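By letter and in written order, the chains are A, B, C and D; residue numbering begins at 1 in each of them.
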Amino acid sequence: MSDNEHLIQSEDPTHPANHICELCAKFYNLGWVTGTGGGTSIKNGDKIYIAPSGVQKELMKPTDMFVMDFNTKEYLRKPQTHKPSACTPLFLAAFNKGAGCCIHTHSQWAVLVTLLVERDFGKDACFEIEQLEQIKGIGKGRGKTGNLGYYDRLKIPIIENTPHEEDLTSSLEEAIEKYPDTYAVLVRRHGIYVWGDNVHKAKTQCESLDYIFQLAVEMKKLGLPWTNMK
Amino acid sequence: MSDNEHLIQSEDPTHPANHICELCAKFYNLGWVTGTGGGTSIKNGDKIYIAPSGVQKELMKPTDMFVMDFNTKEYLRKPQTHKPSACTPLFLAAFNKGAGCCIHTHSQWAVLVTLLVERDFGKDACFEIEQLEQIKGIGKGRGKTGNLGYYDRLKIPIIENTPHEEDLTSSLEEAIEKYPDTYAVLVRRHGIYVWGDNVHKAKTQCESLDYIFQLAVEMKKLGLPWTNMK
Amino acid sequence: MSDNEHLIQSEDPTHPANHICELCAKFYNLGWVTGTGGGTSIKNGDKIYIAPSGVQKELMKPTDMFVMDFNTKEYLRKPQTHKPSACTPLFLAAFNKGAGCCIHTHSQWAVLVTLLVERDFGKDACFEIEQLEQIKGIGKGRGKTGNLGYYDRLKIPIIENTPHEEDLTSSLEEAIEKYPDTYAVLVRRHGIYVWGDNVHKAKTQCESLDYIFQLAVEMKKLGLPWTNMK
Amino acid sequence: MSDNEHLIQSEDPTHPANHICELCAKFYNLGWVTGTGGGTSIKNGDKIYIAPSGVQKELMKPTDMFVMDFNTKEYLRKPQTHKPSACTPLFLAAFNKGAGCCIHTHSQWAVLVTLLVERDFGKDACFEIEQLEQIKGIGKGRGKTGNLGYYDRLKIPIIENTPHEEDLTSSLEEAIEKYPDTYAVLVRRHGIYVWGDNVHKAKTQCESLDYIFQLAVEMKKLGLPWTNMK
């Protein structure tokens, strides 16, 4: 595979190999990929670019990138010094639903929200909130035009964590079946997967959700309800 | 309109097209314009420069800028790839009151303050706080000289959110009528509009208010009152 | 005074005119000088360098600096576009006690601590805390060698705020009389003045105190006492 | 020792003398080494590089570095203007257990966790938490392959603080004896020591633990338990 170096060599900052590095450095500053956690993947045509496992996400270079063929699921490029991300099947699940970019964070706000939902609404409940302007940062759903409105209730499904990240795949796929309009799935005690048609939309949705989760946690601290406003 | 590129081309960092980009990058780091939310507009003579809708605010370039003629309200420059900001009529309302710059943020502290005021003082109440040094960062009001004093009570009106941002315009204008000295209007569950005679004053007032809102939220968590101190 | 430009022209980053700019940019990121609040002054021999009033502290340039003669208290350099800082007499009070640098912040943690002390211990109480490693970042007192130890109780006096900043001077001086070992005075609902023999010590003490105030506020939220541990 | 300048001169950013400076600047932004607190040491072969005592950690230069011979414990390089770090014997204790890098922070989350454990579980308890994905960022223990699993309970011993940092050494060594798999020891009211086989692992473990401590504090604020989930 040594002849595939051209796949990650580009002067264009929006080339996936460069873009993932820039995004992950930003996500590190947001506290989303602390301690080598989290990850990001971009689908470019039939090629998938994936940040490796176990690396310091703010220090990544394009040469750290894995590249996979979306059709054959074979690696076109596999850095010898790294292990492929255990999130790979989860990223693929999002790409199978038409995503162009998938972001996985360990955001503490996401984790706290999964704990608060379990305590207050039970293990089967999803996260629900309504009447926040930032909800308008989230799309209506795959194949639907435009974003959620201010009076739409935002619902994000939550799946239980598993010892091995790849074992989340089937429950993530089930959650997407059950909530076909969702662009995100929370993982209890773990974090969140957020995707979008392209990098711009995935990042906007990830930021909007993180903003909403942080607000939701602060609302709980202050005794303010998430839903059923008069 | 392609002949109007000169409107946004300048080496001067304080040129509105450059200044808005720099400000929005700073506001992103403050958490004010997460997920393409918020916006900023500068009035320069009879030209208004406006950040577009739905773009990542920390990544804007001068070429992303809309330019409007303040007198005719017609666009002098309209980037084909972007949509005009839905905040435009609200920015105009501020400019009609003599503002030279208007900042719109989705600050979480602003949102939480609108929720706490509603819960503790009712939907018709404005945000009120007193005896904080930072109140002196806010002007006395349009046409008045100098800033509020330490013993002046700060009052910021709150309007209800609407599904479409442009529909906020009439209630924002009413709030300005009712509170003619205000340089800011909070929008419930949404954020805030803050303006000033120029960029410096708008930014200073926006920062001072955000500081006060954050402090006010922390005071609530600690059981400390906002007003009626002995 | 136009012939005194040389006082603020230097390539040396530790020259007071440059150093104040760098420090204030850092303090802005720490939330200490939001909304043109706060300020910093350095005494270099018999010259005092002072950040002006009402400027955006993160954007200052050496040309913004006021320079005063410590002996005559006359300005050697006075930028025409700026007003002298209202903190000037307070900085002088610190320099009269041997300080080489004085930092004034509007830190929210400092403000909250003044409110919590008033509520829980009364208006005459000072802030007291003990058994935190970071207390060792604070000097024993003027003319004394070394820093406080882990078992020394840290005491920071609190003075009441006044409408005009310069009117704080006499109560600040009284507080220093009463607490001759203190390197800092809290101002209720306002912030803090911290000084040190030189820039390094003033900054270290200011950072250490801010750390302790933040910790103290979090301890209150969690019901943990500040003193009288077993 | 002046002939040993070559020990700290390198163009390679991963050279210990450069690496410590870069790490400490990052740690300053994370709030770990505020007010000259905390420190970092790297073992490179039989040479140990140590940040000095009492310096502003975000401003360090390679020339500030102490270099010690691990075998003889003698300084190969000793900057005349600085004092050796009081953490040195604690760093050595970690290196004696095979560490390649040791990080000492004054993280407020670490301090708060030591206070919460004491209040809720007593002075003899260690910090325990379970079922958080980020636990997988911590190694199983020296000489063991791989990291903790999601269902492994994380246990970090806590030692009592002492007036002089070097006096922590024996209790830190005892804690390592009692918890031979630990890569970290919390110090009550002070902070934490975290180490790893190399810089990458030490930093990853330090970030992962700090993330977990912050989450644990927020969980306490929200009434969420750390262990014994159904």
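Please note the rule applied: a contact is a pair of C-beta atoms (placed from the backbone, for glycine too) under 8 Å apart; a residue touches a chain by one contact, two chains touch by 3 or more.
Please read all numbers here as calculations on a predicted model, not as lab measurements.
Among the chains here, which has the CA centroid at the largest distance from subunit A's centroid?
So the chain farthest away from subunit A turns out to be C.
Copies subunit C and subunit D touch; is their interface built from the same residue numbers (over half shared) or different ones?
Mostly different residues.
So, what's the distance in Å between the C-alpha centres of subunit C and subunit A?
43
Round to the nearest whole Å and give the separation of the Cα centres of subunit A and subunit D.
About 31 Å separates the centre of subunit A from that of subunit D.
Which subunit A residues reach two or more other chains?
221
List the residues on subunit D that touch subunit A in their complex, please.
Touching subunit A: residues 131-134, 137, 149-151, 200, 203-205, 207-208, 210-211, 214-215, 218-219, 221-222, 224 of subunit D.
Looking at the complex, which residues from subunit C come into contact with subunit B?
31, 34-37, 54, 56, 106, 108, 111-112, 115-116, 119, 161-163, 187, 189-191, 217, 220-221
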